[in-house]
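Each in structure tokens, the structures are laid out below.
Here subunit A shows up in two complexes: once beside subunit B, once beside subunit C.
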Partner chain A sequence: MRGDRLRLYSKLSIAPAIAALCLSALYPFLFSLRLSFTDATTYNFTDVKWVGLRNYLYVARDPGLLYSLFFTLFFACVVVIIELVLGYAIALLFDRGFPGRQIMVTLMLVPIVVAPMVYGLSFRLMLNSFIGIIPYYLDRMGITVDFFGSTWSSIATLVVIDVVQWTSFVFIILYSALQNFPPELREAALVDGASWLEAVRYVVTPVLKPTLWIAGILRFVDALKVFDTVFMTTGGGPGNATSSLSIELYNRTFNQFRLGEMAAFSVVVLLVVSLLLKPTSDRLEASYRD
Partner chain B sequence: MCCRRMTVLILVLAMLFCAGTSAARVTLTMQVRSGPEGDASRKLVELWNQTKAKDAGFEVEQVDTTRSGYYTSVNNALFSGAPKPDIFLSYSNFTALYATNNLVVDLTDRFNDPTKYPYDKKDWYPVALELAQYKGRLYALPTDTNTYLLYYRKDLISKPPETWEELYEVAKQFTAKYNPKSPTKYGITFYGIRDESLAMFWFQIFKSYGGEFFDDKGNPTLNSPAGVTALSWVARVVKEGLVPPDITTYEYSQVYSALQSGQVAMGINWDAAYSGLMDPKESPLVAGKMAAALLPGVKGPDGKIRRAHNVHDLYFVINKNSAHIDEAFQFIAWATSSPEALRAYTEAGCSPPHFSIANDPEILKKFPSFALRQEAIVKYGYIEPHVPEWPELKDKLLSYLVKGWVGQLSPKDALDQACAEIARALGKK
Partner chain C sequence: MTKWLRLLAALVIVLVLDFPLLFLLMTSFKSDVDISAGQFRWAFRPVLDNYRHIFANPAFPLWHYLGNSFVVASGSVALTLALSIPAAYSMARLRVGGAGLSSWFLSFRILPPIVFALPMFLLVRFYGLADSVWSLLIAYLPANIPFAIWVLRSFVRELPVDIEEAAAVDGASPARVLVSIVLPLLRPGIVAVGILTFIFSWNEFLYALMLTLQRGATMTVGTARFVTGYSILWGPISAAAVVAAIPMLTLGFLVQRFLVRGLTLGAVKG
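Presenting the complex of A and B:
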């Protein structure tokens, strides 16, 4: 009886969260799914017609949309790898301790609290050929850098902007984990003659693996949504070279009013990302069990 | 004790009275794009609130919105059916879209009613009102009619180029890569970011080469020889490095900054840039050295230069769902047509489409570009297709244009693909 009551209270206590999730995620998804099988645009929204799989066929054949999907996956993988390596390295450095460390930890959080739109706009101004502070000082050192002149330079610049902003996020997760790392494990390795680097490689990193995975997954999911910095800097250009999923969705939904087609694209993206994340979350579960 | 209670009672009644009167006062909300038009509109709003609001019984409050994605935010707000803002600054690209979707108020009857619109209708540029009409009905009142101008360093270039080929040669002469003695780093700059203004800039080259948007059957013809030549011209200029390398991030502000820096010999930008570039406080490096000219064109067999200046309006529209349509019309009619508002708007650096403004000697003395702008609009102006799908079609074109000019696609392929997309969107093969 007591157990039944406890189970009932448990269910009731998470009911508001489930309701909020249904309202904010499930309902919009089902609405979008329905739209994806119609010819909906902003003009005919109240009088849509069923078109079956036509929108999905359009998505499968449209080179612009397919490019944005592959570009976004590529971008997310690159920034996550760089941010994990850098964030981990900085966290290890901070873990060793130095004077003023606490103040530096606080300063490391500054990039995360700046709105991505503001970040993007700031970089657009800082990298401008004529009024940008970065080209100015590079020029004085005799260095000329092309930040947005070509496809690859634009992609590289966006990667750098993302890394500058979000490495701190990875850092703070890993630094917190390192602060809670059992010191006796590290000390035992050092007593056995391992160097600091060997201790990190063979003792610290295996224990921190689940945390590294979590940091990686969180950043990956976030990087897939990249919009603000791209919108404020390249706008998806040159051409569509840096047109991420969100940029392409934004342009075709709000500037071209193609609701049905973009709803189908959203569903496809959701399926692709779910398929990608499934093995990752399985692996994460396995590493916890280990 | 009794005195204290009376004091409290009086205070409460006074507060209620104030709240009541403020609740009774109507405040219209107007959404405007930040930048020169936002600054100028704010002068109008201040003038109205100071001089007219009391008699009219309502005030106006301006909300500035970022330039990036501005029109998208306006259209979303209108489609959403929200009653606020009451007034939007929008532009003539969307007239047909607004009309066919019943998003904004039809102003025709109010405009033709002398009690509601007591201003001189003949003072308008005819093309300005034409851009705000769809199938004979008026849907907006223009604040500005704009076109592009060629800005150039008159201290370096004695005569502005008349044709696109001449512009190319002059730009090369003033690009340090080809002429180490050049006083400027780059010869020319213009729009490059994925934005409708980029398409509007390119259309001018396209039209001057004799291009047409559609044939008689409604098929897109942007990939005609005129289109390929026009896109090839831009591709050549970009490929040869006559423009800044980050040009694909350039919109109005970046082109303006580039000209202000004195590192670019010429630039193609909106006429709104003129007053700032000539102002020693705003552009200390180049004020006094800049001049403006008509855009280059193409020399015909008769020796005449065929130019094409894109003409569009910025205008005020009234939200169909506004609770104060009559008040909104009263304000926008005053703001776009009364002598004091026109003067205030002009003094703020914008360009109302009225003959009285462009022909006023005092204004011409202060803003000499107005004569040039009027010539460009009235003599060489063209307007884009006035169809509901046009915003969508233009957006489809944008990626292909930039692909063509940064070399991701050849100009022919870029325009062929653009036309195929547009034809598909129109339901044509």
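Presenting the complex of A and C:
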């Protein structure tokens, strides 16, 4: 009797959350799965013809779509590595202590709570070749850079924007891990004659490794979603050089009206990213279990 | 001596990372002439014109955007908490669903929202919800619910289980234990999750851009729409961005203690 009631309660308590996700994510996904096998366009997505796998063949043959997938992966790898290195270095600096540290930690958190769209907007102004502050100083040093002119300068600019905004994310996770680090362990190493750098290298870093992984994984997951800052600065250009997955899908959906093809691309991206990130959710689940 | 050097280094780092916002703050107090007088310059006479421009300009319905952002963000908080608290409690204590269910939830947080954006865009129009705050309230659920469940689950797990067990032995139903015993103890976690959900929803850009135009537009989209076109009114735009960012800074500082746990979905205690 009691067991039955408990089982009923268990089901009732999780049902609303599951139902909400089915409505807001699973249903749209199934809808786009259906569209992906049809000739739907923006003007007509209800009365459609089945076209089999034609849209998937289109996706497989389209160099732009493939490029955006690789560009996004490349971008995510680059920013994660830079942010991990910088974030960890800054966390170590803060961990050694200095006057006014608490205020500095609070100020470090500013980029995390400010909308990425706002950071993108600000960089667009700061990099403006007529009135921006950065070209102004570069000009005085005799350097002229067209930040959004070439492929590599655009990519580098986007990497810098991401690093400026999200290094704080890695920093705060590692800083709090360092603050909780067992002091005996580090002191033992220092007593044994190790330098601070050696203690960091051989004692602190190995213990922090799981936390470094989590910070890196979470940044990677979010970097794959990059949209706001790209939209506010390069818009995916020049050409499609900085067209991330989100930008590519957005631009094509609103400029080309090819719904069937874009639905197929959405499905492919969902499958690829799911497979790619499967270890991520396992890792996070494992860290909850310990 | 070296501790002062470290302070100096930290100051430089903070200045660089916060500079984009500081720069918009500075620009928002510059007059048009000082912003676009040939080239950048530090010196300027501070004016309030830009704030006057955005708060009293029919072409830029600032209060409308702020109102929408507030409705979407607080509505998301209410929906997310109502749906997530019972689920998180059951998953942490009654072990409902196991690792399979929590991974299933997490997958919606991990996937780029763009993969649902196209069907969402069509369905929202199909059901007559285009350009409304309702479309955003629905669209933000796949990111917010998994986040809330994961973080709240880690908070529940740290509560002492004895009281709950004693109440259960005395015949209290799980629902009653959740409401009378767990909820009061869980308050810090609920506040942290609520505030972070508010910030995420307020700052969200992609869905707001795709699903709304004017009637349901939020502050982020409203500000961004100011940019497109022939001339960019940098002063008013900077002021609008500052107005959008300030409330989030205040809220962020309130949850500073729980920020690490929130950002890592409960995986790192902080």
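As a working rule, the second predicted complex is superposed on the first by the 255 of 290 C-alpha atoms of A that agree within 3 Å, B and C clash if a C-alpha of one lies under 4 Å from a C-alpha of the other, contacts with A are read in each partner's own complex, and residues count from 1 in each chain.
Please note the rule applied: contacts are C-beta pairs under 8 Å (C-beta built on N, C-alpha and C of every residue); 3 or more make two chains touch, one makes a residue touch a chain.
The shown structure was predicted, so the numbers you read here are calculated from the model rather than taken from an experiment.
After overlaying the two complexes on the shared chain, residue contacts for A:F147 are found with subunit B alone; subunit C is out of touch.
Touched residues of subunit A, counted separately for subunit B and subunit C, are more numerous for C. When the two complexes are overlaid on their common chain A, residue A:N55 makes contact with neither subunit B nor subunit C. When the shared chain is aligned, subunit C comes close enough to touch A:V273, but subunit B does not. When the shared chain is aligned, subunit B comes close enough to touch A:G239, but subunit C does not.
In the superposition on chain A, contact of A:F231 is made with both subunit B and subunit C.
Legend: residue contacts after superposition of the two complexes on their common chain; A:I131 is shown touching both subunit B and subunit C.
Annotation: subunit A residues 124, 130-131, 231-232, 250 touch subunit B in one complex and subunit C in the other. Contacts from subunit A toward subunit C in the complex involve residues 5-6, 9-14, 16-18, 20-21, 23-25, 27-29, 31-32, 35, 45-46, 90, 93-94, 96-101, 104, 106-119, 121-126, 130-133, 135-136, 139, 164-165, 167-169, 172-173, 176-177, 180, 211, 214-215, 218, 221, 224-225, 227-228, 231-232, 245-246, 249-250, 253, 259, 262-263, 266-267, 269-270, 273-274, 277, 280-282, 284-285, 287-289.
Contact residues of subunit C toward subunit A in the complex are 3-4, 6-7, 9-11, 13-14, 16-21, 23-24, 27, 35-36, 38-40, 79, 82-84, 86-87, 89-91, 94, 96-97, 99, 101-103, 105-108, 110-123, 126, 138-139, 141-142, 145-146, 149-150, 153-154, 173-175, 178, 199, 202-203, 205-206, 209-210, 220, 223-224, 227, 234, 237-238, 241, 244-245, 248-249, 251-253, 256, 259-260, 263-270. Of all residues in subunit B, those touching subunit A in their complex are 68-69, 72, 75-76, 79, 97, 100-101, 192-195, 244-249, 254, 257-258, 260-261, 263-264, 388, 391-392, 395-396, 399-400, 402-403, 406, 408-409, 425.
Only residues 42-43, 64, 124, 127-131, 146-151, 154, 231-241, 243, 250-251, 254-258 of subunit A touch subunit B when the two sit together in their complex.
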